[in-house]
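Heads up, there are several structures right after this.
There are two complexes below, and they share subunit A, which is joined by subunit B in the first and by subunit C in the second.
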Partner chain A sequence: MESGQLLIILATAIASATPLVFACIGETITERAGVINLSAEGTIMLCAMVGFVAAKTADNVWLGFLAAAIVGALIALVVAYGAITLKQSQIAIGFVLALLCSDLSAYLGNPYVRIPGPTVPPRFAIPLLQDIPFIGPLFFHEGDVLVYAGYALVGVTWLYFYRTRGGLTLRAIGEQPAAAFARGHNVIALRYAYTVIGGVLMGIAGAAFSLDFKAGWSYRHTAGYGWIALAIVIFGGWNPLRAALGAYLFGVLQSLAGVAQSAIPDVPTQAFTVAPFVLMILALVLTSSDWLDRLLSYLPVNVRRSLARAIHTAPPAALGRPFEQD
Partner chain B sequence: MEGTAAPQTMNPPAPIAGLPPTVYRIGAFVISLILVALVIFISGASPATVIGRMVGGAFGTADQIGRVIATLSPLLLCAAGLVYTFNAGLYNLGVEGQITFGAIAATWTLRLLYPEGATASLLPPPAAIALAILVGGVGGIAWGLLAGALHVYGRISEIFAGLGLNFAATGIAIYLIFGPWKRPGVASLSGTQPFDESLWLGTFGRTEATPVALALGLMALIITIGVMRNTYFGLRLRAVGRNLRAAYVLGVPARRQLLSAFLICGLFAGVAGALQVVGVFHRLIPNISSNLGFLGLLVVMLVNFDPLWILPVAFFFSALNIGSLQLPLSLGLESSLSGVIQGLLVLFALLGRGLAQKYGRKPEG
Partner chain C sequence: MNVELRHIHKHFGSVHANDDVSLTVAAGTIHGLLGENGAGKSTLVKILSGFITRDSGEIVLGGQPAHIQSPADALRYGIGMLHQDPLDFPPLTVIENFMAGSPATPALLNARAAERNFRALCRQFHFDLDPHARVSDLTVGERQQLEIVRLLANGAGTLILDEPTTGISATQKTLLFNALRQLAQEGKSIIFVSHKLEDVEALCDCVTVMRRGRVVGELNLRPYRANGQDAHGPTDQHFEVTARIVEMMFGKELALPVKPTTHQDDVILRLDGLLLRSDRLEMRIEHLAVRRGEVIGIAGLEGSGQQLFLLTCAGLEHPAAGSIHVDGRDLTRKPYSAFLKAGVCYLPADRLRDGLISGLSIQEHVALRMSNKGLFIDRAAAAQEAERAIATFNIRGRPDTAVEQLSGGNQQRTQLALMPSPLNVLLMEHPTRGLDIESTLWVWQQLIARCNQGTAILFASSDLDEIVQYSDRVIVFSGGRISPPIAAAELTADSLGQMIGGRF
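After this line comes the complex of A and B, so read on.
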């Protein structure tokens, strides 16, 4: 295979990971504020359906995205109410919502299965940037509006997290909510806000599937992507840049699975569609376990430190715990 | 907002004159029913007609009741197993993979004893079936302990260890169905070559329900109720679930307790998977678990981890599953309405519990 062809395959793979990027950034924001929204699988699926139906009915792609974002926000609001106000298990509420919304998408989306609908305008290359050697063809050649919006989202989120006061507060309410509260921040309201923002991004991720990258809707159309997004957030160490990297890596893995499939025809096709999911979880297992530390301890001290810092990350200290204000 | 604003935003202590806690729970339940009706209404059908069809679809004929029982049996096994992991404070989402791997292990056993076309073997069919169920249980244990080891020794959230192993088990099943175990001629999603009828579990009359599966399901449930109420093991499990560190400091072998919870849940789920093979599908199919593991999680959440209430809830959920199969045939609606109803009931039970805790009248003023 010549290198030009490989670049195109990789560029397409990177572009196709865009919905996952939106979902992963959304979940990263929510979890950084100390709330787990485990409903991702159901949220993405229901919003894919709602986005498609709204866009089809209104004959306008962007109204589809708007509707999906609203539904994503509403689901996140339920998570926030149950988890933050009622202090119930975030895992339980999120998991039930994941199943409920998946089934709801299948039930209500029944009349809209496999029919043509509006899609996002075609792909275009970005002038100037596309001429950068290697990077240009890889990132700025095969994208559409959403792909480039995904890059912007990653950059803006990173800047917000680490270069603004608001970002500092966001990280504080996930790490030390009591301290943030003592500094005068309204932990509860902020957690609500960031959970809803995360839900909006997940909703957009769902619509990105049905209105762009998987154009159309059918039963369980986005099955697995929500769970993988949750895994990528951990893999990315709750850092927006690394989470996005994980999402793009997953896209590349999926397209490699497609290439490998044609190279090894003896292994059934279906095994390859599952393989990226298994590999991703395996990567999560390797990077988040103690075993890695034990392995690293054989290395010289300075190498060990920098490697450990690069690979190892701790979750927000107050992740998943309700904040007791009184 | 900076500095001294903190005292002003403090909430007053919980209101003393709240309504009795049950009012909130019943209120939440009523809201979930209204939402069910609303969802049905949105899909363009009449709630009364849909519910009527579902009841008829679940209990109309002996065959349909048989199917409800056939769904109930593995569901009881999974729910009983999940009681252990939930009480140990674990969200064992890997239960689906444990069912699948149990089913793979059971299929492997039967294929080994009775290769395609063989009618006689070392073991007569009944013994072969019993062995397959046993090996299925061992397979479930292996998959459960794998998640447990990742959690206990690798410090990986049991949720993601479990989900990853679910994907892996499904991958293995699909690989086997399309690869080494493919049907002679054409491999397809419909699964492996069905076993000879002599290797099928006996049923109640001509229905799909098998007495052995029902007996195993009920047995698992009764044992679980006994263990959780009357044994030191059950008490220690709850201690670990309530406060892992405190339990450890007080001398409870926490790691061993957690691993035993994974082991028992894996065993029950693996047996359920084996029963899906020998009792229901008579072959290995890609979705052999039929999402019964996730349904089991919902059941146990709804009963708040108390095994006493599992039987009625699991029966009701099984009836919903079977009853909803009528919807595509008679009304052109999707059968996933059962999942919508189950999900709404559990979601609002959780919210109602939270409301009762937050706003309900406290017993001592």
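After this line comes the complex of A and C, so read on.
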């Protein structure tokens, strides 16, 4: 295989990871605020269906995204109400919603299975950036508007997290809500807001599947992506950059599985469908295990410190725990 | 700014945590708020800082009534509080903590400007903090320093410190005290909440003593300080002020001993040349021999080493030197199981954390204790045993009641019911804390019955009445020293107060 061809395969793989990037960033934001939205699997699937149906009915792809975002926000609102106001188990609420929404998508979406619908406008290259050797063809050649929005989302989220007052507060309420409350923040309102924002992004992720990267609707159209998004957020250490990297890596693994399948046709196709999930978990476990630490110990101290910080990530201390105000 | 709290009331369920409490703190002074655990100090300052909403009463700041219902309100009035467990964000860096929640922080973070400001404030108080370290890597003392600097940067004019000297080093304490003095000189009001008498005496201009939710006395410390400052070591004046404060803390009159004589002649617990060491304390006991049936009361301000002493006697901590003999056998540096086998039992103060297991029922506790070799629990036997314990110990609960649903008194009864028999040495912390009078009397009846069977009891309590009523002999812990045992009958409120203050 010549190198140009490989670049195109990789570029397509990176682009195809876009819905997962949206979902991972959404979940990262929600979890950083201290709430687990475990309904990702159901939210993505239901929103994929709703997005497709809305876009098809209105014959406008962007209205589909809008509808999906609203449904994602509503599901997140249910999670927030149960978790923050009723102080119930976030795991239980999220899990039930995940199952409920997947089944709902199958039931409500039945009339729309396997029919053509509108899709996101075709791909375009970004001038100037596409001319950068290697990087250009890889990232700025094969994308459409969603792919580039995904890059922007990752960058903006990172900036927001680490360079703004709002982001500092977001990290604070997920770590020590009592301390944030002591500093005069409205922890409950902020948690609601960030849960809903996370839901909107997950909704967009769903529509990104049905209107773009896996266009159309079928029974359990996006099965598995919600769970892998949750895993990527955890192994990504609740850092938007690392979560996005994880999502892109998954995309690449999936397309490599496709390549491998055509190369060795004797192996059953199911093995290649499952392989990316298994490989992803392996890769994530490896990067979060302590062999990296041992590697780090050979580096100079100042490099080591900043690298160790990037690698060592504990979950937000108050993740999944309701905030009790005296 | 002058801070005034007027007629504050606060109930938690049936507990009257603040009962008509009034407190005035003058601008430019350090005001001590002293009292044992549970006296209502923390409740009062949390009301002032907006963490707890009061039932009734008024807060007046600089002559104007203030409406404080939340921490955000208190911050607007310039009231900042340092909590006992620092309320900060451990995974974030020092400078991020400094910026978080500050009104001066711009929407787009400017870490450099914040760092300049931070370094300037640190220099002012000689705090040595690395702005880029993670807060989780800091000591409690350093986290305190960070909080002080942060509150000042946010324009706090009134600073509340809740038990700030717990868990910090001597150097950090000196730094803290110097900083607080400097701030008072700048005209800020400082409220220093503590149960440590020596810290209050060393630092405060004025002290208010609280007991059982009420203010029981106030004392201006300035006249005493002015004379005694240069003197080396404690002076008579120092003892005078200590005696007065201790009197306020514990009351003037002591109850009369009520315990019948139960001790026998043979020694059951013998300590020789015992040296106890923890991070902050070092204590020595030359010789203590406790006889069967005897009750030794341990008095002293909380945190003077009573717990370490009891843990050592129980075999849960090892002494740095010296020996422990139980019933004639040398148990020094032997494992806890050897102490258990020798009939030593320890009942901790925190019943639900260290004593009982939340979530398990009375019956399951009984089953845990029963020696059972098989794989399965003998449910019938456990149920029978639990019923018997409930009946004899008058526990208000059923065998399947989870222990955390029992009242404090019934939890203590359950602990007593679970004690092994025969028992040689029983070690207890605050055996009747939080219990009503009926339960208290009942608990002591049971304990005295044990004494009659030959059990020796050593117990620590912050209730001096309890100590005098039920002990044969009393030892006093004060500032790392342990007094020789004194017969309870010979004690007076005055002599005990002086001993707690360190004069023996």
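The rule is short, and it goes like this: the second predicted complex is superposed on the first by the 297 of 326 C-alpha atoms of A that agree within 3 Å, B and C clash if a C-alpha of one lies under 4 Å from a C-alpha of the other, contacts with A are read in each partner's own complex, and residues count from 1 in each chain.
By our rule, contacts are C-beta pairs under 8 Å (C-beta built on N, C-alpha and C of every residue); 3 or more make two chains touch, one makes a residue touch a chain.
Every value quoted in this text rests on a predicted model; they were computed, and no experiment measured them.
Q: Does the superposition put A:R163 against subunit B (first), subunit C (second), both, or neither?
A: In the superposition, A:R163 touches subunit C alone.
Q: When the two structures are laid over each other on chain A, which of subunit B and subunit C touches more residues of subunit A?
A: If we count touched residues of subunit A for both partners, the winner is B.
Q: Who does A:L10 touch here: subunit B (first), subunit C (second), both, or neither?
A: Once the two structures are laid over each other on A, A:L10 reaches no partner at all.
Q: A:A317 in the overlay: touching subunit B, subunit C, both, or neither? Say first, second, both or neither.
A: second
Q: Quick check on the superposed pair: does A:A172 touch subunit B, subunit C, both, or neither? Answer first, second, both or neither.
A: It touches subunit C, and subunit B stays clear.
Q: Kindly classify A:A182 by the partners it touches after superposition: subunit B alone (first), subunit C alone (second), both, or neither?
A: Both partners, subunit B and subunit C.
Q: A:A275 contacts which: subunit B (first), subunit C (second), both, neither?
A: Once the two structures are laid over each other on A, A:A275 reaches subunit B alone.
Q: So subunit A touches subunit B in one structure and subunit C in the other; where do those two contact lists coincide?
A: In subunit A, residues 181-185, 326 are touched by subunit B and also by subunit C.
Q: Could you pull out which subunit A residues touch subunit C in their complex?
A: 163-166, 168-169, 171-172, 175-176, 178-185, 309, 314, 317, 326
Q: Contact residues on subunit C for subunit A in the complex?
A: Per the stated touch rule, the residues are 46, 49, 51-52, 70-72, 75, 81, 83, 87-92, 96, 99-102, 105-109, 134.
Q: Could you pull out which subunit B residues touch subunit A in their complex?
A: Residues 1-6, 9-11, 13, 39, 42-43, 91, 93, 150, 153-157, 159-161, 163-165, 167-168, 170-171, 174-175, 177-179, 187, 286, 294, 297-298, 301, 332-334, 336-340, 342-344, 346-347, 350-351, 353-355, 357-358 of subunit B touch subunit A in their complex.
Q: Can you list the residues on subunit A that touch subunit B in the complex?
A: Listed in rising order, the residues are 38, 78, 81-82, 85-89, 91-93, 95-97, 99-104, 106-108, 110, 181-186, 219, 224, 227, 230-231, 234, 266-271, 274-275, 277-278, 281-282, 284-285, 288-291, 325-326.
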